[in-house]
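The same chain A turns up in both complexes below, where it pairs with chain B and then with chain C.
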Partner chain A sequence: MKTNDVILQTTTKVVFFIIFIFSIHIFFAGHYTPGGGFVGGLLTTGALILLLLAFDLKTVQKALPFDFMKVVAVGLLLAILTASWPLFVDLPFFTHAFDDFNLPLFGETSLHTAMLFDLGVYLVVVGAAMTMIQTIGGDT
Partner chain B sequence: MTNIVLFPILIPFFFAIVLLFFKENIIVQRILVSLGLALSLVSSIFLAYIVHTDGIQTVNLGSWAAPYGISMVSDAFSALLVTTTLIVTFFVVIYSFYAIDEGRERNYYYPAILFMITGINGAFTTGDIFNMFVFFEVLLMASYVLIVLGGEKRQLRESIKYMLVNVVSSALFVITVAYLYSIVGTLNMADISVKIAEVDQPGIITVIGILFLIVFGIKGAIFPLYFWLPSAYAAPPIPILTLFGALLTKVGIYSITRTYTLFFVHDVGYTHMWLMGLSLLTIVVGCIGALAYFDLKQIIIYNIVIAVGVILYGVSLMDDFAMAGSVYYIVHDMLIKAALFLLIGIIIFVTGTSNLREISGLMKQYPGLGWVYLIAAFGLAGIPPLSGFIGKLLIVQGSFNAGHWIGAIAVLLSSLVVLLSVIRIFLYAFWGEPKETKPINRMQYKKMMIPTTLLVILSVVYGVGTEWFMPLITDSKDVLLDPSLYIDAVFKE
Partner chain C sequence: MTVIANTLIVITISVGVLFTLVTMIGILRLPDVYTRAHAASKSTTFGVLSILLGVFFHYWLKEGLFSIQLLLAIVFLFITSPIGGHLMGRAAYISGVEKSPLTVGDELEEVVEEAKRKARPRPEID
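Up next is the complex of A and B:
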């Protein structure tokens, strides 16, 4: 008999977005408060795992048709390119740049290239954790 | 070019990432991996040239001044090792085009090699002790992948052993760095050296010195800590075994050399006595192992252990001649071990077995293989015009200068054992009556011979042209024996 987990699936549909948005918040808050790419990435993975638990592997793969190894590669590429731009202006590797901008919607905002590096970390964490879970959970 | 120091690390890393996108396309992978290694090789040769003409090169990552940020430091020693690493890897990768099966190539074989090279070059270049730990982990994790890739029964068993040993030693590494940090309060290697000199190495620093010897001794396979190496290295296929045998233990040796010439130089009587004793015992067990086996792989693997002992014995003397000898010998050993492993790989390929008793009379069918092997064997043992000679000569000279005649005689006798062990392979495998062997693909055999022969030729050039390389070796030796050169280079301005 197939069990009916309608309550689990319905709650998941709501809770998933709350966890996901919280993970994005944690990711952006990293520069001034606790948080950052690593925790943010793990929280996002947590949200995806909740989806995997409530539905099954095939459904989630259909909803998120990423090859997560490629996500790892994109994350690494982003990190190395962010760290490498000083090579072209003859500054030491990993020199970051930052400035204050007046953005239309956000107002006075401090933008920092360290965030791009963190985005790389975030993608690597999500990609690596999801690859592990899908590999262990899948048949192949 | 501020960042020239980093190119031999960054280029393999970048190409490793790009290769992740081409998992299924083996042709693209092969092209990109050889292109990446060629580019990094060019950059490392350029780096060695810059280091030779302009002195030690440093770069402070993120523009943070020396003790606060991570410094990458390239002196002649590390530039030499980085260049040799890339040369060896380049030839091994060309060899693996013909020696590795498609299944492995399809499953991140080349990216894993490039990640491992990133780690090795990083560990050779870094000027920060914790960053060295991170690079150790980078190379170790890539080596875990390589040792288990393919998933044969033996590989699975040995990879568990290998990982357990290395996880324990990595934990010990972190603990040791924590002890050191709690005492000197800094992680920058030049700064640690200054701080230890200020407090004149009290007992606790000597304890940390011995702990570092244990940590790096496990990685570099010195006497009581080499137990994991022979069986673990025999498990993966030949090209991977070659990379491990030629490169991984050398990172341990480099780290011991660096810490024992930069940090722990104020109580040499105690710390270096341990290093000397253990390295001599390493030579002894290596010799026993090299004579005991009738298995091609095991004989050469135990020769790695002997070489580790000889190099560290030279380091422990802290003498001009012996240090130059060790620097010369470590480069020689990387080249010649790689060549020998590739050669026995070809022998195993043409005969289908690594048991020496089942092979004979290869000279009739494969004269080229036989002569190249003989040259490599003489090079390993140190017959004068070849590359093993000068290094051992300098080490023995330094040893007699310091009055350690037992050590000098041990090194000389070990050469005899090395010669006996590799010549035994020659006598059994190449002389005698030819045996029926299964027919092999002659074309593949020829293609495998090309990179191997080139490596042997390089090692011959290294031996015959010692005079060309001597300036770099003298530079390395000067920096190793005079830490103030290293410290001043890091704290310039």
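Up next is the complex of A and C:
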């Protein structure tokens, strides 16, 4: 019997964007409010798992043609580069820098290199969790 | 102004808690999975939405914080909670959970039988 999951798929198409945008919000809000790279990454993974539940594995892999192992590698590389750049300018390992910038759309924004480290954590969490889920759920 | 704000907050949160209580009684007292899903997915959605609205009013009117996240949570729960009820009821029906003997009609049964009949491989090529 062919299953009819129009309701689930249509809802997923709406709800995915709510969860995804909220995960981006949590990721960027992590410096001043609860949140950060880990929770944001887990929420993004949750949104992707919702896609996997509503559609099948092949469709999601075609829609998001990432090798999630490489996402883990990029995240680790970003984290180690952020942590080690002060060594080249005679500062201790893991020294962070921040400054205020006047961006065109956002106005006065303070940017901090801890965000880059957090982006590394985010990518590692998304990549590791998605690799696990796809490995368990797939054939190979 | 404070009295109006307090009344609004207390009424919305009390309505929410009452509806959640009604949900609990419904889940305990109703006879089968479909009626329980009916109780759980409707009144608990309303109850939780009402509580969230009360919290939103509290933070907005008393603390001066317009919380977009609470509004987003209200929209999100309003979309997803009935879908959860639908999927659980559907899964229960397809895996053959018994209906209560008080059930009068079953229109889904004919549709499912028809779909099963159509899904069978036919001898001729169409």
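We take it that the second predicted complex is superposed on the first by the 140 of 140 C-alpha atoms of A that agree within 3 Å, B and C clash if a C-alpha of one lies under 4 Å from a C-alpha of the other, contacts with A are read in each partner's own complex, and residues count from 1 in each chain.
Just so we're on the same page, a contact is a pair of C-beta atoms (placed from the backbone, for glycine too) under 8 Å apart; a residue touches a chain by one contact, two chains touch by 3 or more.
The structure presented is a predicted model; accordingly, all values stated were derived computationally and were not measured.
Colleague: So if we stack both complexes on chain A, do chain B and chain C clash, or do they fit?
Modeller: fit
Colleague: After the superposition on A, what does A:8 contact: first (chain B), second (chain C), both or neither?
Modeller: second
Colleague: Report for A:132: first if it touches chain B alone, second if chain C alone, otherwise both or neither.
Modeller: After superposing on A, A:132 lies clear of both chain B and chain C.
Colleague: Put simply, what angle do chain B and chain C open at chain A, by C-alpha centres, to the nearest 10°?
Modeller: 120
Colleague: Contact-wise, after the overlay, does A:97 reach chain B, chain C, both or neither (first, second, both, neither)?
Modeller: In the superposition, A:97 touches no partner, neither chain B nor chain C.
Colleague: Per the contact definition in the header, classify A:76: touching chain B only (first), chain C only (second), both, or neither.
Modeller: First partner only, chain B.
Colleague: Kindly classify A:57 by the partners it touches after superposition: chain B alone (first), chain C alone (second), both, or neither?
Modeller: Neither partner.
Colleague: Could you let me know whether more residues of chain A are touched by chain B or by chain C?
Modeller: B
Colleague: Enter the shortest inter-chain Cα distance between chain B and chain C once the structures share a common frame, rounded to whole Å.
Modeller: 34
Colleague: Give every residue of chain A touching chain C within the complex, in rising order.
Modeller: So the residues of chain A touching chain C come out as 1-2, 7-8, 11, 14-15, 18-19, 22.
Colleague: Note which residues of chain B are touching chain A in the complex, please.
Modeller: Touching chain A from chain B are residues 1-3, 6, 10, 13-14, 17-18, 20-21, 23, 59-63.
Colleague: In the complex formed with chain B, which residues of chain A make contact?
Modeller: 69-70, 72-73, 76-77, 80, 84, 86-87, 90-96
Colleague: Mind listing the chain C positions that touch chain A in their complex?
Modeller: Residues 69, 72, 75-76, 79-80, 83, 86-87, 112, 115-116, 119 of chain C touch chain A in their complex.
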